[in-house]
Structure formats: structure tokens, C-alpha cells
Amino acid sequence: MSSVSLELVEQSELAPEDGFWVALKRDLAIAMQNKGELAQALAFMAIVVSLFPLAVGPEAQLLKRIAPGVVWVAALLAALLTLPRLFASDYQDGTLEQVLLSPYPLPVLCAGKTLAHWLTTGLPLAVLAPLFGLQYGLNGDELGVLVASLMLGTPVLSMLGAIGAALTLGVRGGSILMALLVLPLFVPVLIFGAGAVEQALSGQDTTANLSLLGAVMLAGAVLTPVAIAAALRISLD
Amino acid sequence: MNLYRYASPASFYPLAGRLWPVFAVIAALLAVYGLYEGLFVAPTDFQQGEVYRIVFIHVPAAWMGMFIYLVMAFYGVLALSFNTRLSAMMMRALAPTGMLFTFLALWTGALWGKPTWGTYWIWDGRMTSTLVLFFLYVGFIALTESIDDERRADRAGALLAIVGSVNIPIIYFSVTWWNSLHQGLTFSKSGGSKMAPDMVIAMVAMVFACWAYSIAVALVRARAIIREREPAHVWNGEAA
Amino acid sequence: MNWAEFFSMGGRGAFVWGSFGVFALGIALEVLLLRMRSRRSKEAA
Amino acid sequence: MTTAVQAAATGPLRAEGLQVTRGPRQLFSELSFGIDSGEILVLRGANGTGKTTLLRVVAGLTQPDQGSVQWCGRAWGAKDAERRSVCLYLGHAHALKEELSALQNLKLALALDGIEAGTEACAHALDACGLAGRHAVQVRRLSQGQKRRVGLARLALSEKPLWLLDEPTNALDAEGIERFSALILGHTAKGGIAAVATHLPMPFQSARELRLEGSA
């Protein structure tokens, strides 16, 4: 059997975790090119949060009570809106296939892409949340718990959302369908996240909720990349 | 290298054809017996009077809704790991029935809640989890119906069912945790211990009636799926 | 066996029969839709 | 059904009994072929006869219903890492990010392949493919032909032995096709293998053909 004279490329044994940084840098470089989308997610959240006082009235006591729920649901919807950006443009221009064909393990690449998505959506939302909190009369440490809960919770929105985004690639009516798939999965994050802030309002200890949120995030960080990779392989079959 | 050679649609089709009437008859008999026990024989509840009899369809429906979703996830694992078409067809055959039972659990729960606790909708752990489970079903059916390519639809549905089933315990825990934070009032609907023997008999009969019914419907729907997907010679052999 | 009393279900008849009725309706609807789907899939071949 | 070319060559790449169905249609079944090292196999056939699907099956993107793809005698599994370090698949789409420059795209593509290509190496490759002076411009402003040439630059820098190319020459002008021909012949001269799906005439002669009729 004639052997391949071009000896099989012994790629310097590829360190799988390098794939994480390759995917992360790639997506951040792409995201830097369209900062507009980043600002849109923040603007969307600001608008949604500002709508509620118009709907329920400016009465301070009431606004403070509903603040956790409003800010958290707005963050959820903002994250949902940015999820298509994870794979849709790569799917259209054919680069997603190249990601699937990379020698790096696909789950590691998916983890990198998901982190890049969180850095450009979830993180800014969490960092700017105090602005929205002030609108609702939250004070110092309550805002601290709000930011902490969003920092722990929004990564899970990106992870679970990535599974939905991957499953609905190229499907007609994809974005509504994706929301239908992932919103039920967001319920625990919403409960623990908004619950933590609510406990802060009533002066109760918030470590239980925040630690549960952290546990869900860690579980997600370990399990979702495999599911995202499987979903991508199914969609691009 | 199909491990499940005998579980090919061609050999499953006639088998299902013979089996489903058996389960249908079992379901009908058990249902009649269960309803008779539940509506006529079981004593009146000293607290809730007659309206508690709704439990004989509410609890089986809720259990079936949950159980069928887990069976779908099980078939999903088979479909993805062994690439067998039949397990994907069974998974999709079960989904509508599971959704129906989950809806009926919500409906009967609401009609039971009104006279007993004064409101149609009770934000307690079980009912809220059942509502989220209903959305999981809607998501599954919406996803599998909107993907044209059958194979991708099956495998996408399988993955969603698996991810969903992993999340069910987390959702159930978080909702009951949330409920305990807010009202601290948990309703124990079917307090097993204080149920009179006749009540238990009625409940068990209705649960098995729902099982038999689900199996019969799933077999018939699986046969319909096979007819829709497989070329005619696969299923046209036996007398229609 | 007093049927009138039975159907009133201690005054809660609306709720009890509302539940059992919709349950039966749901099952009947599913069986009906399934028969239609079976017939359609047989003819379409 | 389809021509089953029992290729005598026992080269490193062998496909055995491949079958793919798309919905009711069976694209091909019992399809076997082999490509010898240093050889190019051209896949011909009308649109929709499964040329692209066959390339995707070899690359591992699409799972066949039946059959296997073997490399050096060992059958590739569904998620085989070796397959992804051996195959270079370029599909219809340009696989370029419109908002990035040609240089950035080339670097990202090679990084995904695990190749740390320096800027000058990439710049040199782009020049060699006739993109001198267009390195830093956003790909969105390049012409179709120029976008295809960025793909050629990727071929030039790739070290993968198995090329799977889908319509590599469309949108290329005569000069571009000339560069492509030089690249692919250089690849096979080093013992590399290529499978090219196209219905355009190919600028090289020494290639075997596999014609896909497609089902009735």
C-alpha cells in the first residue's frame, strides 16, 4: 500500500484547552467589529426596565418591591435577544462548519464561544444593573446582591441559550422557537436570582440563593458544552 | 452496525398492530372499574365532601405527564447513541399524549382548586412545575414539527428531551423552594395515608388505565409515523 | 341510588363534571385526531 | 442506482458502501471508492445528486446511513479527532467573516486548525494568491473572486493531507484558476490527496472521475 509521502501531519500534539482560547479570541474579535449589537442589548434592557414604572405607577414602595423581578426578567429577555448572534452569522457564512471541522474538541470550542457571548452580553448587563436598580430605589448593598446574582446567573442564560440557538439553526421561525425552548429552562435561574435580591430587600440572608445560583452555573459550565456540541452536529448534519 | 436489528420498523409494525388493541381494551376496562370505584364506591371525604373525587383523574394525569417525558428522554438517548430510527419514532409518538395529560393535570387541578382553596390557580410547587413541564412539551413538539428533515427533527427532539429531563428535577426543586419562601403553605392533595382503601383502589386503577391508554395510543401513532416515513413495502405487507 | 344527588356532587357538580368532562373530551379528541392521521397515512401511500 | 466505482487503488482514503438518504430521496447507496496518495478524484453529476453531501460525509460533517470512511486502513468514527486533523473541507460558502479583514480571516481559520501562522506568512500567502494590498480591507468589500482567493491562501498554508473542495474554482478568473491549479498539483506532488466536486472543467488532466447519477 503506497504510504502517504506527505507524512501525516503530526500536529504538535494539540492541547485541547487551546481550543477554548482560540474560540474565545475569535468571537471577541468578531464582536468588537459590531459593537452596535452590544449597545442594542443594553438599550433594550434599559427600555424594558423603564416601562414598568409607567405601567404600575411611580409609587416608590411598590417599585422597590417589584424591582428584583423586573430587572431579572429584563436581563433574561435581553440575553434571549442576543442568543442568535452566537451561531446564526457563522452558520450563514459557512465558518460554523470550519469550527466543527477543527481538530480541537468541539465542546471546548463551544465553551469558548459561550464565554465570549457572556462577556459581550451578560457581563455588561450585570455591571450596568445598578443604574436600573437606582431607578427603583434600591440602596447600596441591595444593588450589590443584584449585581452578584446577575453575575452568577447570566452565564447560565448564555449556556442554556446556546443549546437552544444551536438546535434552531436555520429553522424557520427560529427565534420565537428558541425562546420557547429555553425559557422553561431559565426558570431555576430566575427563581434563585430574583429570590436573592428579594431576600436582600427584606434584610434576610442571601447566601442560600446565591450559592444555589453558583451551583447551577458550575453544573452548567461542565454539562452544557457537550450538549451544545451535540446540538451543533445535529443541526449541521 | 445497527445493534437493534430486530427493532427495525418492518418487524415492529405488525407487532404493534397486534398489541395496541390489547392495551386499548385493558385501558377501557380499568377506566370503567376505576371510575365506578372512584365515583360510586369511594366514601365522601369528611373535609372536602364530593369534590375531592377529581383527584382520581388529576393525580394520574400529572404522573403520566411527568413519566411520559422521562420515557421520551430515554428513547432520545437510544435514538442518539444507537442511531435507531424506531426509538426516535416512539419518542415522537409519545409526545402529544404526554402533553395532553399535562394539560389535563393543569385543568383538573384548577377546577379542584376553586371550590377547595378558593382560586383556580394555585402557585404551589407541584402545579407550577406541571406548568413548566407543559411548556417543555410545547417546546418539544414545536421544535420537532418545524424542522423539515425527519432525521434532524428526531435527533434535535431527542437532545431537547434529554436536556429537558435533566432540568426537570432542578426546576421542581427551585419551584418548591420558591413556594416555601413565599407562602410556606403547601397543599397536600392526595395525603396517601388517610385515603380509604376504596380510594386507593380507584386511584391505582385509574393510573394503570392511563398507562395502558398511553401505550395503545403511542403504538398506533408510531404505526402512523412508520406509514408516513417508510416506503410502502415495509408496512403494506400485512392485510391492512 | 338518587341520581339527582349524585350529579349535584354536594353542590360541586360543576367542578367535578367540568373536570371529568374535559378529561373525557381530551381523550376523545386525541383518539379522533389519531384515527384521522392513521387513515390519511394509509391513503397517502 | 449509482455507479459503484470499485477503485483498484488501495490508497490511504477508502469509502465503503456509503448510503445517504435525504427525506424520501436516496442520494446514493452502496457507493465505494478509493483515492490513491498523490491523486485527485473529481466528483461529477448534476445538481442535487449528492456531490456536496458526499464530501461532507468524508469530512465527517454528515453521518451516512450506512457505510464507512477509512483512512490508512482504519475506519473513522463519528467524532474522530484524527479525521479533523487530516481533512480540509471548503464548501460552497466562502467561510469568511464579512466584518473582518482577509488577513484576520486567514489567521482565524489557521488558528482553528491549530496552526499558529505569523502575520508575514499569511501576508505572503495572500500576495501569492493575488491579494496584494487587500490584506487589511474588510472582506465585505472584496469581490467574489477575491473572497475565493482568500480560500486559496488557506490551501497554500494548510498542512492537511486530504483536501475536500466543493466548486473551488467558481467566481475565479483565468489567473485565479491558474493559481488554484498550481496549488492543487503542488499538494498532490507532495503525496497529498484531493476530492473536488464541480461541474466546471478542471485545469488539470491527471484526475479520475466519479459520476453520481442520483436516484430516479
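Letters A, B, C and D mark the chains as written, and numbering starts fresh at 1 in each.
In the analysis below, contacts are C-beta pairs under 8 Å (C-beta built on N, C-alpha and C of every residue); 3 or more make two chains touch, one makes a residue touch a chain.
Just so it is clear, the structure is predicted and the values come from calculations on it, not from any experiment.
S.K.: Over the chains that touch one another, what is the least number of steps taking subunit C to subunit D?
M.R.: Steps on the shortest route: 2.
S.K.: Compare the CA centroid of subunit B with every other chain's and tell me the farthest one.
M.R.: Computed centres place D farthest from subunit B.
S.K.: Name the most central chain, where centre means the mean of Cα atoms.
M.R.: Chain closest to the assembly's C-alpha mean: A.
S.K.: Looking at B-C and B-D, which pair shares more C-beta contacts?
M.R.: Taking the two pairs in turn, the one with more contacts turns out to be B-C.
S.K.: Nearest whole angstrom, what separates the Cα centre of subunit A from the Cα centre of subunit C?
M.R.: Here subunit A and subunit C have centroids separated by 44 Å.
S.K.: I'd like to verify one number: the distance from the centre of subunit B to the centre of subunit C, where each centre is the average of its C-alpha atoms, in whole angstrom.
M.R.: Each chain's C-alpha centroid was found; their separation is 17 Å.
S.K.: Return the distance between the CA-based centres of subunit B and subunit D, expressed in whole Å.
M.R.: Those two chain centres are 48 Å apart.
S.K.: Find the geometric centre of each of subunit A and subunit B from their Cα atoms only, then give the gap between the two centres in Å, rounded to an integer.
M.R.: Taking the mean C-alpha position of each chain, the two centres sit 32 Å apart.
S.K.: Going by the contact rule already set, what residues in subunit D reach two or more other chains?
M.R.: 63 - these are the residues of subunit D that touch more than one other chain.
S.K.: Can you pull out the residues of subunit A that are in contact with at least two other chains?
M.R.: 237
S.K.: Taking all chains into account, which pairs touch?
M.R.: Touching chain pairs, listed by label, come out as A-B, A-D, B-C, B-D.
S.K.: Show me the residue ranges of subunit B that touch subunit D in the complex, using the header's touch definition.
M.R.: Within the complex, subunit B contacts subunit D at residues 83, 148-150.
S.K.: Quick check on the complex: what are the subunit D residues that touch subunit B?
M.R.: Residues 22-23, 63.
S.K.: Given the complex with subunit A, which residues does subunit B contribute to the contact?
M.R.: The touching residues are 80, 132, 135-136, 138-139, 142-143, 146-147, 151-152, 155-156, 159-160, 162-164, 166-167, 170-171, 173-175, 177-178, 181.
S.K.: Which bits of subunit C are touching subunit B when the two form their complex?
M.R.: Interface residues on subunit C, with respect to subunit B: 1, 6, 9-10, 12, 15-16, 18-20, 22-23, 26-27, 30-31, 34, 37-38, 41-42, 44-45.
S.K.: Would you pull the subunit B residues touching subunit C in the complex into a rising list?
M.R.: Residue list for subunit B touching subunit C: 35, 39-40, 44, 49-51, 53-54, 57-58, 61, 96-97, 100, 103-104, 107-108, 111-112, 114-115, 213, 217, 220-221, 223-225, 227-228, 232, 236, 240.
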